[in-house]
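Some structures are shown below for you to check.
Both complexes shown next keep chain A, but they swap its partner, so chain B is in the first and chain C is in the second.
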Partner chain A sequence: MRLRYIRRKCGWALLTLWFVLTANFFLFRIMPGDPIGLLARSQRLSAEALAHQLTLFGLDRPLPLQYLIYLKQTLTGHLGVSIISGTDISTLIAGRIWPTVLLVGVGTGLAALVGVLIGIKGGWARGTSFDRSSLYGSLLLYATPEGWLGMLLLITFAGTLGWFPAGGYTSSSGDTAPQLGDIASHLFLPALTLTLGYIGSFVIVMRSSMIDVKDEDYITTARAKGLSDGQVRRRHAVPNAFLPSFTLIVLSVGFILGGAIVVETVFSWPGLGLLTYQAIKDQDYPVLQAVFLLSSLAVIMANLVADITYGFLDPRIEEV
Partner chain B sequence: MSKSIQRTALVLAGLVAGGLLIAAPAVADSASPSASTAPLVLRIGMTTGIDNPNLWAVNSPAEWGSLILQYDLALQFSPDLAAQPSVADSCDPSADFKTWTCKIHPGIKWSDGQPLTSKDVAFSYRFAIDKQFDYFSSYFPKGTTFETPDDLTLIWHSPVATRGPKVPAWAYIVPEHIWGKYANDDIDKIKAVNTVPNVASGPFIMTSATPGQNWTFTRNPYFWGNKPVYDQIVFQLYTNQEAMVQALKNGQIDIGDGFDGALLPALGAIKNVKVQKVTSDFWVNMAFNFGNQDTPSKPLAALKDIKVRKAIELAIDKQAIVDKVYPQAASPGETIVRPLSDYWHLDIPSDKVLGYDPAAANALLDEAGYPMGTDGVRIDPKNSNSPLRLRLPVSDDVNGSTSIGQLIEGFLKKVGIAVEVKPVTAAKMYDLQQAGDFDAYVWYWTGDPDPNYQLSVFTSDACLGDGHLSDGCWKDATYDSMFAKQTAEMNPEARLKIVQDMQQYVYDQVPVIVLAYPNYIEAYRTDQVAGLVPTPVKDGYLTTSYGYASMVSAHPAQQDAAPASTSSSGIPPWAMGLIGLVLVIGGWLVWRRFGKRGDDEFERD
Partner chain C sequence: MSNEISDPTAASGAADNEGRRPERLLSRRQLTARRRRDSFTRNWGMFKANKQAMVGLGILVFFTVVAFLSPLLVSADAIDPAAASGPPNSPPSANYWLGTDSFGRSVLSLLIVGSRVSLLVGVTATIGAVLIGATVGLVSGYYGGTRIDTVLGTLTDWFLVIPWLVLAIVMAAILGPTLFNVILVIAVTSWAMTARIVRAQTLSVRRRPFIERARALGASDWSIITHHVLPNVFPVIFAQAVLTVAVAILSETTLAILGLGDPTAISWGRIIEEAFNAGSMANGYWWWMIPPGIAIICVTLAVTMCGYALEEIFNPKLRRRH
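What follows is the complex of A and B.
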């Protein structure tokens, strides 16, 4: 039964992937201007390079054949070239992936860790001053625009106090390799902004789950057996309440590759979010197409992992 | 996970983090290069990046700045933007100004040690002309040839009288031994060549490029001029101007280049920061479309009526635009030659100024036969009573363009002209301009100190072909004739009279409305850098604009100051120690709490 469950989930993921690829194909073709015209606008493509792109993607072939060629090229990692810089998009994106994973990964990870812990404590001790203050604080952070929050942190800690750099990935330049501490100091404020921006959702979800689970019969049974409050919470409540938060965490991991456009722009962090923003400004459709595909793929994979893992964590899911 | 492992992990994490924070200042300091080995670096914050370091692909302000640092002109800009010796010691014309003889300074070398000769100069010019790099080739009349009788002599042969070399010709000198191999390649392939580290003759050479982050220029060991003090100049990209303000405040950068006027109060409040408001060398305009492009789009027919265009100018309060969009950082616009070229710029006589006067605008439209419609929008009886509605795209590469568009909408509403403001990207604006798919738009112009280029974009020829420069394809035979006359006039005083007459003519004909002359704003830390010299000398640029003189003369404010550390954090040691101590104490408290509870639970179980 477990195998059938996994197969079913994989099947849906593949179907979703096909849908995304197809939508990506047509998206490029319904934008203003034809694809050949868009590529030809590039100031950085030689005639040979342009001809190579036309052949690679079959842009001069009938539409159904273009579609098949597009699927083949995309699945083999040929994502085209930027019409602004003429750079191969795979290379362009590769240089931005690590900064994005670092920033959004750290921000999401910290938000998940701290948010879940606060949610557990708040939900279990519902109505206490800790619960009220953490809930209101979470709601406030959840409602606060990330860009505004980032600017506030920037002005306070980078400008006024001078404790952190005001932007960028590293102070190193030239042939000097960036040092770990240097990157960490540049990472601190944008990561903190993301952590504070995301933490609210984890707190609220975990807290709600804990409140729901707290009144379950098996919790009453556990107490009746004489287990301590901490044991009941740790062994019975949290594992069951954690399931929705687990899904949220895994899906958040999937969104990492989408970058964080606002925070990256505020802090001049050279990630995929900033690349997306610049591509929108420059109408660099091939880059947008590639970033859209990458982030969609990440979300589909994360969703699949969540679905499969959920089945192991909660056997009842497989029986549905 | 058992509770003992949980508490152990938490406590260990706290201890490790605390230990790292306490030790971090020492580690960071030991990892930094020592004062004696670290290069002296000048850091300039920029708001645009360098997509392509190749000089033939130059586009953004940062890319222009990078060229100015690295490459020489035959004659360079003097402090008053005239021509002065550079790679060439002199360029002298024949009596008919058709032949110019330039003497190349002896002993100049490229950054790879190869000699720079007249053949490199000739190659550079021929390359720009043959490959039609318009930015650089426009200084050479059609049919110009070059002769190099020896390594130190370059002769221009022009079919017509030309001022070319003395403009000075803004065409960079490049090494033939590097670029010669691309002589038979097409323009797009040339632009795609990766050139870093570059080979050039200027004081600094780009030696590394980290796209989206920073670009490093290292001092050229073979530079023929005064040796710069700084070993390196770094362009650091900031995608957020407020962040650049904060970077200047905390000393992360020495100079910030290209601030919006709205940040003037913030800059003024920072200690040890001097703000440079550069006299405008560009202007924001509202250009009208005359529909002479060879495209299906048809602009509003009434705009061909000069009375309508004059009424629009009368209805627009330029001072209000300056006050609201560029507070303290602009002046109301007038003519098409920017104020920085103060020798050429014409101040319109007060009796000829079309000042803000909505009543006069309404009267003019009434007189011209555009009655007010029932919905408050005037109609054009000569065109089936169609309403006077303007499609007004505004380009996002003009600071405050959307606000300007909204202000214009409000002004024109009062005189019965409806405006549909549409913010667009610069890329989209280019497409609209090429297709003629607009009625009027808000964009900007910049140009050379010499007004020839600026004046040329209003000629009928500027509307020809793909990539045409003309805003709205205004075609006027009188103006074309005046342009040809100023091109052929070699006497500066006589030419000045023609150029000023042309400015007055354009002002009177209103093919465009010059809305504002925004200042360009730079700021620098007076306690970190000194020796910056503006170009032009009066309210000019401090960084890279018309030359590299400022970058050569720049030096640390304290000459024996240690170079800026590249350590990771600016957190003071006392704060880091305090945070570390809190984490250590916190970890100990957690240990005690979990330990006690764990023991209790163990006993209960």
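What follows is the complex of A and C.
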């Protein structure tokens, strides 16, 4: 029974991957100008690199064949070369992926953890001043564009107060390996921006599921047994109210990746987001294509893991 | 479908059977109009009682009026970089309440003019997204369980799961920075939530007896969807549309900050981008960068407040949450 559920979820993930690959292929073909002309216009691309890209993706072949070649090359890890620098895109990405994983990981983790805790407290004590202020605060943060929020934090804490470095990943340059504390001080503001930018939805979702759970019969039963308020909340309310927030945490990986593009741009954080920003400026389409593919892959994997975990957390799911 | 036959169907399709007996026989059209009027009055009463929603509505009316009056409030010269007369980068003063930018343009004038594009993108992108989402949701829900539903449902799930903001950014970069493309990209990437909600609502409406009656009387699928399902699903679509405006305005800001906005159209997001690129942070030009962000927050917050209120009115299950 469980095996069938996992198999179905894996099948869906593969189907989604196919959709993303196909969308990616056609996105690249609807742009103005043909791919070959575009490649040829780039001065910095050497003749060999151009020829390599041409043969790798069969850009002179008919469209259906190009599609099959594209699928095969992408699935075997060949993402092509950057139009601007001629560098292999896999190499480009490998150099940029860890700063983004660090930033998005810390940002999502903190937003989810703090948001869920605030939501639990607020929803359980609905109508108190804590609940009201946390709800309004969340709505305010939800309405704030994260790029602008980042600029505001940068201008205040890095500019005026000078507490944090104004951008980048590390202050050390050249041969010396970056120190952990140094990276942390550079990470602080961009991670805070992402956390503040996305905490609101976690508070709102956790709060409303706590409110839903609060009136359930089993909560009344637990109270009637003589459990303290804290025990009822911890043992009976939170575990039952947590599932929607769990889904949100997983889904949020997708939109936090989008937000990270702006935040990395504002803070010159040398991750995939900054790479994307540079690719937008340079109209480096193969790089953009790879970024979309990679972030979709991250979201698909996160969803698959979540679906399977969900099946274990809530046995009723299997019957759906 | 003839009027006389479907008359009782339409009347009993009313969501509000408050036991009121019509004094005289009304035509189908009159009955429907009266029912709609009554339900509007009732919902408006509930909306008016919601303080946050009324504040939100007030803010929206204010910004809409400003956007419509902007050609009268600000002359074209005032925002033309070549014709601007003020001192560059000056902090707020009596002459320039919000200071000036690098070209010597008044930031207040930019803000007023920017409201036009920001609201236009927010509203038109939402209309696009809701048209796609509502159509997909209605068709998918009405043919629930069939192959069409499976295909449309999977498509909706895909668009919910993929990182839509990344897709919007990549699409905007590929299509090029024009106002139309910005609107198109936002519409194409933000319809899925509407589709899912409309589908769920359609599924529940479809099981109601008046749909079966309409079908028994020989109504076509098209006429059932447009005459019976849509009016019952419309409130949900409307509430969702209002909430989508917030998403659309925030997406426009993100695209603009990344330099993907129309370079010929001033929006709040583009003012932020220009301020950022002019080194506002290193030079401390806070008056240039902060106001457009506050304007975006005000409108997004206002729209969200109104949207939540509408959601609560139309979905009584949510009513006890606040």
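Methods note: the second predicted complex is superposed on the first by the 313 of 320 C-alpha atoms of A that agree within 3 Å, B and C clash if a C-alpha of one lies under 4 Å from a C-alpha of the other, contacts with A are read in each partner's own complex, and residues count from 1 in each chain.
As a convention for this text, a residue touches a chain if its C-beta (ideal position, glycine included) is under 8 Å from a C-beta of that chain, and two chains touch if they have at least 3 such contacts.
Since the structure is predicted, the reported quantities are computational estimates derived from the model, not experimental observations.
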Check your understanding: chain A superposed: clash or fit between chain B and chain C?
Key -> clash
**Study point:** Contacts of A:L140 with chain B and chain C, given as first, second, both or neither
**Key:** second
Practice item. Report for A:L103: first if it touches chain B alone, second if chain C alone, otherwise both or neither. Key: neither
Review point. After superposition on the shared chain, which partner residues are touched by A:I249: those of chain B (first), chain C (second), both, or neither?
Key: neither
Check your understanding: Once the shared chain is lined up, is A:S228 touching chain B (first), chain C (second), both, or neither of them?
Key -> first
Point to revise | First, second, both or neither for A:L275, with chain B first and chain C second | key: first
Practice item. Once the structures are superposed on A, label A:I300 by its partner contacts, choosing first (chain B), second (chain C), both or neither. Key: second
Practice item. Examine A:T265 and indicate which partner it touches, taking first as chain B and second as chain C; both and neither are also allowed. Key: both
Check your understanding: Of the two partner chains, chain B (first) and chain C (second), which one does A:L180 touch, if any: first, second, both, or neither?
Key -> first
Review point. Of the partners chain B and chain C, which touch A:L154 in the superposed model: first, second, both, neither?
Key: both
Revision key, fill the gap. Residue overlap on chain A between the chain B interface and the chain C interface 32, 151, 154-155, 158-160, 166, 265-266, 277, 280-281, 283
Revision key, fill the gap. Chain C residues touching chain A in their complex are 154, 157-158, 160-171, 173-176, 246, 250, 253-254, 257-260, 269, 272, 276, 280-282, 284, 286, 289-290, 292-293, 296-297, 300-301, 304-305, 320-321
Exercise for review: Mind listing the chain A positions that touch chain C in their complex?
Suggested key: 15-16, 19-20, 23, 27-28, 30-32, 139-140, 142-149, 151-152, 154-155, 158-160, 166, 208, 211, 251, 254-255, 257-259, 261-262, 265-266, 276-277, 279-281, 283, 285, 288-289, 291-292, 295-296, 298-300, 303
Review point. In their complex, what parts of chain B are in touch with chain A?
Key: 3, 24, 27-28, 31, 39, 41, 51-52, 57, 59, 185-186, 188-189, 191-192, 207-208, 210-216, 218, 232, 234, 236-240, 242-247, 249-252, 396, 425-428, 431, 566-572, 575, 597, 600-601, 604
Exercise for review: State the interface residues of chain A toward chain B in the complex, per the touch definition above.
Suggested key: 32-33, 42-50, 84-86, 92, 95-96, 151, 154-155, 158-160, 162-176, 179-185, 188, 226, 228, 230-231, 234, 264-268, 270, 274-275, 277, 280-283
